[in-house]
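Order of writing sets the chain letters: A, B, C, D and E. Residues in each chain are counted from 1.
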Amino acid sequence: MPINHEEFRPTIVAFCCNWCSYAGADLAGSSRLAYPADVKIIRVPCSCRVNPMFILRAFEKGADGVILCGCHPGDCHYSTGNYYARRRMTLLFSMLDYLGVENGRTRVEWVSAAEGVKFSETMNSFVEKVRSLGPNVRLGDLRCKN
Amino acid sequence: MQELINRAKSLLESGEVSRVLGWRKGETDWDVEPAFFNSAEELSEFIYNGFCGANLSKYMIEASKLEGKTLVFLKPCDTYSFNQLCKEHRVDREKAYIIGVGCKGKLKIENIDAAGILEVRGAGYPDASEILTVKTLYGDREVSYKSAMLERCHVCKGKEHMVYDERMGESADTSDADRFAEVAKIEAMSPEEKFAFFQSELSKCIRCNACRNVCPACSCRKCVFDSTKFDSAQKANTTSFEEKMFHIIRAFHVAGRCTDCGECSRVCPQGIPLHLFNRKFIKDINALYGDYQAGADTDSKGPLTDFRLDDCEPSIVTKRG
Amino acid sequence: MQKIGVFVCHCGSNIAATVDVKKVVEMALLEQGVVHAEDYPYMCSEAGQSRIAAAIAEKGLTGIVVCSCSPRMHEATFRKAAERAGLNPYMVEIANIREHCSWIHKDMAEATEKATILMRAAVAKVHLNAPLQAGESMVTKRALVIGGGIAGIQTAIDIADAGYKVDIVEKTPSIGGRMSQLDKTFPTLDCSACILTPKMVEAAAHENITIHTYSEVEKVSGFVGNFTVDIRKKARYVDIAKCTGCGVCQEKCPSKKIPNEFNRGLNNRSAIYTPFAQAIPNVPVIDTTACIKFKTGKCGVCEKVCQAGAINYKQQDEIITENYGAIVVATGFDTIKLDQYGEYAYGQSKDVITSLELERVMNAAGPTKGHLERLSDGKAPKEIVFIQCVGSRCSDDRGKPYCSKICCMYTAKHAMLIRDKYPDTNVTVFYIDVRTPGKNFDEFYRRAVEDYGVNYIKGQVGKVIPQPDGSLLVQGVDLLDQKQILKKADMVVLATAIEPNTDVRKIATMLTASIDTNNFLTEAHPKLRPVESPTAGVFLSGVCQGPKDIPETVAQAGAAAVKVIGLLAKDKLKTNPCTAQSDELLCNGCSQCANVCPYGAITYETKLINDHGIREDRRVAVVNSALCQGCGACTVTCPSGAMDLKGFSNRQILAEVDAICR
Amino acid sequence: MNKQAELIKQISGVNPLKCMKCGKCSASCPSYNEMDIKPHQFVSYVINEDIEALTASKSLYKCLSCFACVERCPRGVKPGKLIDAARQVVIRQRGQEYLSPDEIPALLDEETPQQLLMSAFRKYRR
Amino acid sequence: MLKIKKCDLAALFARISENNDLYLPVKTAGKTNFAAWDETADVDLDTLKTVKSPKDAFFPQSENLYTCNKQDGKTSITPEKLREEPFVLFGIRACDVRAIDVLDRVFLSDPVDSYYAARREHGIIVSYACHAPETSCFCKVFGIDAAAPEGDVVTWMVNGELYWDAKTEKGALLTAQIRDLLTDGDAAVVETEQAAIRAIVEKLPNSSLSLDGWGAEAAKTRFDSPVWEQLYKPCLACGTCTFVCPTCQCYDIKDYNTGSGVQRYRCWDSCMYSDFTMMAHGNNRTSQMQRFRQRFLHKLAYYPANNDGMFSCVGCGRCVDKCPSHLNIVKVIKAFEKEGV
């Protein structure tokens, strides 16, 4: 699809666990499964490494969407990490929703190392969702907007 | 009240306890302050009345480091905080002699028209009355006890003490409201309304940290918002984001540990209903992971340090709309 | 202040065709702390690595960012290169501008911009990197092999031959696995039992091998070099030491109506049974769900007839705990369930069978003593139809998306054997593709067609309709002839897809080894580390990793053994230095981190702490870095931020976030 | 890009590239012998954008809409949906003879699946 | 003496804001604080004490000082613009006006704080008498007359009319801008009201607080008193007292990374915080007792020592109302009075 540079290009931070989702992203890459360049991946050892602080920080500094990808529940390299992440993120996202932040800006998706296709599809749909929501104005630091 | 003083005196004299943690008389009826009493003489300033809302559990962190036992007076709701602190090894049960003191609801002076108040009658213990008589510089007035109560007393957790060595005085379950009604009301709002509501409340925040410093769950030696290590130190809300950041993270850090003691809302100088954050987490935890009351015991796993294989997915937030 | 060097790889044209590498170099030089930046066609090459070494020496670099392929590919390469040049290997960060950028974006400007941002994030992170030192841990010189099929047996023998102790844990009463069920093997058509049985005997007799049959892994703890495993030895109710394997008990057992698992349920066995004649150990077990003694308390025939006095109804499950340095998973496969394939009438007609069932039918020790006959009426089939790809290469949820790999060859084998033994029987094979890459494989398939007259039809079968006369009507298509075919058959054989043993999920969870969506265990690298799991110390052998035939399985089993031997040959292992660390000054001692640690790596100590002049005894968390695997669960649980993860610290990740969002 | 081929893909929701040419659709088809273009060929006609031939084919009207091919296709290509879409393209091209919505309820038979009804409308209004 | 009907205040505010930014007590989400006026603002002159003092108008809780930007490898520094437009601070009480005096002595003495000075230069203070003082008030102790505040313009609300009295040149200039909205008022009405206010003030429990023993010498005599040890115990080390205080003037300077550059800003700090004046080697006050003592000795001893005996407390009583543990300066003063040391 040709890229229209006029449209809103969101900044999307994707936290990917090293064992499954980062590898899934690699597989998406080696399978040449395109997704928008708006997505920038940060490698973390496990989805349970992602502190809510990181997510808020991303929004503070101007991210329009934050997605966390980890191993499927049951497949965590560290056995239990994604279970904790799942609870933490559920509660955090619920709180953000409660504060009136559009709930489409945050997402958790379980992507295995074999799911290059899912990774690419997830990123495409997430970017599309965030684009439809427009720039993040409710959760950003004004000092970072210039 | 005199029985409390007498009991404290005898425990001090017997050497069973080395000091007493209670409340001291102030300049006015409502001006009572938490205080340590080291001798029988000092206890003459002891008071226990309707304005003794302060939760003394957190003071036990420091008291646990002192020689000997500390006699501490805990209201039923305070005992939850004490248990939670025990669970987290922040207080030492062995260092505390707990007198579970009766409570029939505590008062908030702001809820009584504060202009020029000199005296409030009927706020004493144990004679909490239906009607408070208030003497002011501008004439006398009356208010109902219920209408002057702290928010938390309207959603009272019950009259039972969760931990104590002995109990004195009678308690009453003062709940007369649905604990989650306010949260549910906000949940039902549109995102725009929610945002406007919190924006207007949080814009008042002056980051005085009263909520944090009074909170028995916020017992970190150094808060992340004071720590330079975490790259998150903040002293003031420079923009509206920082207000949210502080309150979201604070609520998250106490999620599953907050006993809903309501101290944060009690002390906020700007009257921000901070309990709405904590209670939102409690409501979600109850709904998604099963009913959980922090501080009801000292050995259960907290909901955020636990999981089930079939927990709901975070997408539930989007799905429930 | 770090002095950072940025090295941008072209990866031939893989990166350079989409990312303007010169521009990335130019942008890198504008970053704070970057004192050197260059690009090169292949950074991972010898020449590329020496350029890095040269820059470290000349510019006194303290940190390096390599913008190249995924860190999962070459992070270790560049770390080693840095180490050789005198830089701590953990001062290297990779910006993944190939898999995460050049390969997925087409627009040059866009990809260059993204590559620049990824480079910046890595530079921001490396600013906060600190040199890390790997610790050391001891290696227990004993290996565990889970699964006693040909993969497990071969791995165990190879390890044992190298002089290390090996334990095999096998769930069923005997080792041997799937291969013991096979009749003949392709492409040589030699008898499966003839080549497998000697291996089984060799394993059983080997002084370094201990076999735990009828046993399961219950619990695994520890880490590479130091695993502790609980093994449940299920009660056989027969004393292995006393039993002579005479078989009288099985003959006399009155409960004989239990479907025989070994024969895929095509005939029955007794409640006390040995799965097959050559079982090792040749000691029966009592199936308590079928045994009359266990169900009613009466009977006890086996005890009475056993002259060795080996029967012991009071035997209990036993849990033994052993320490291992390495674990090999060789849990094998099963065929998929065909419940959802109603169109093939499997389950409706006894004459529709799977290929594995056909193996048993054709085996001399099988339910028909090796005679090819219809299971419905015992008649010799005159017309047999083979259907390929049943459940394989299927993108819906009825089947598996992968090719099961072995079906083309075994079907050719079956067809050939039938045509050889029963020349009157016609054999038709419906296929989508015939896949025969392998030594002598295509020749084998051609022989089936050319020498044995097997009728191969390119096309699929839509439906198998059982007829009132007991025959089967096969409705298929010949795509080359453009004809729909209605064929009457006496027997239909389904080349059923294979899937990993269903227990593998449980075992993978215990081992914290990752598995893919098809339940195959994931290898550490699909090409370069195919027999290792991403979890250190866990190795993969056989079909649990992906579909394989016997020679491939044996080859992989040997490869896994070599990896195990390489590990056990070491006295000490370097441990991952990216472990959690608690800041004593910030720690509250609240125990929340220990609650979420999956490795029990966090304990508490009361220590005298000097906090900016305030001295007091405090309860603080202490991390055992040999146990910590670096997941970071504790770091988020810690409200004060006392717990941090080396190599992925809070500040490092925040710096990356900042760099990306700026 | 052929507009009609795109339209067929869009209406059917089918990605013809997923087909691995196994022929199971043709093997399952009860109308196979009646058809000039066989079910497994639908896919290549769409891929090759030979839509004219496809829309002129009598197969469109021989398909019984039994959906055996849709059910059994191992790759989720669903040739039956393609042919249904092709029929719809023909009808859209012709663009007349609409049945008034008010007339429909009276014509409905409780026992007939709605989907079959719809394809019947498309099929028999040549 | 001029006056305007209470019901016409909206028109007055609108007129003032034509030429000036106008800040006045506004009620938001149930609490009254100084805020910028607009048509929708819920102006609240009845609440005696805003939660935060109006010192924000001159010394904001957080303000940017300058911004550094890096572009194409070059760094540029842009200082924040100084205040150049006039603004009016309306409805400020006697104690808070005096508090500005306290701040002036800090920020306007050498070296002059240019950000503060610019705001002072352009700010016009319209004060407002306290018609219903409360028990927590003790401004009289510091010689402040709640009935007659200082300021460029002083106002009183009597019988539904706002009385307006310009005291300074700035005040006169502001009055000229709005003169047509005002009518002449009777000074005697105001005097009667003042007498009533003063009578109430006399009855306040803390009006007779004694400051004996405080002042410069207290730094020596009271520094080592055991009383501090007794007093500080309930202190939670929050910063409520310092942040609601009209005279607390400590600030911290911090950098904020905006991604494209760095903003250097200052924000209020609190001597109650454990990281107050934290330095590389640690903190010069290591216990909460020391921090607690610092605050009160600063108000009652150090500041007077440097400022001709002027105390840096104005008796507004905000800390009395807002301290979560009900500690406050009144209790400190009384405790020392009782101990006699």
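Methods note: a residue touches a chain if its C-beta (ideal position, glycine included) is under 8 Å from a C-beta of that chain, and two chains touch if they have at least 3 such contacts.
Only a predicted model underlies this, so the values are computations on that prediction, with no experimental measurement involved.
Comparing the CA-atom centres of all chains against that of subunit A, the greatest distance is found for E. Taking the mean of all protein C-alpha atoms as the reference point, the chain centroid lying nearest to it belongs to A. The chain with its Cα centroid farthest from the Cα centroid of subunit D is E.
Contact tally for B-E versus A-E: the pair with more C-beta pairs in contact is B-E.
Distance between chain centres (mean CA atoms), subunit D to subunit E: 80 Å.
Inter-chain centre distance (subunit A to subunit B, centres taken as mean C-alpha positions): 37 Å. Look at where the CA atoms of subunit B average out and do the same for subunit C: the two points lie 53 Å apart.
One inter-chain figure worth recording: subunit C and subunit E are separated by 71 Å, centre to centre, where each centre is the mean of the chain's CA atoms. Counting partner chains per residue, subunit B has residues 222, 224, 230, 232, 238, 304-306 touching two or more of them.
The set of subunit C residues that touch two or more partner chains comprises 596, 637, 650, 654, 658, 661-662. Shown for subunit D are the residues in touch with two or more other chains, of which there are none. Under the contact rule defined at the top, the touching pairs of chains are A-B, A-C, A-E, B-C, B-E, C-D, C-E. Against subunit B, the residues of subunit E that register as touching in their complex are 28-31, 33, 48, 51-52, 61-62, 132-135, 200, 203-206, 233-234, 236-240, 242-244, 252, 254, 256, 265, 267-270, 273-275, 320-322, 324-327, 330-331, 334.
Considering their complex, residues 70-73, 96, 98-101, 103-107, 110-111, 113-114, 117-118, 121, 505, 508-509, 512-518, 522, 534-535, 578, 596, 598, 629-633, 635-637, 645, 648, 650, 653-654, 656-658, 660-662 of subunit C touch subunit A. Contacts from subunit A toward subunit B in the complex involve residues 52-53, 56, 59-60, 73-74, 80, 83-84, 86-104, 106-108, 138-143.
Those residues of subunit A lying in contact with subunit E across their complex are 61-62, 141, 143-144, 146. Taken in their complex, subunit C has these residues touching subunit E: 29-30, 32, 612-614, 658, 661-662.
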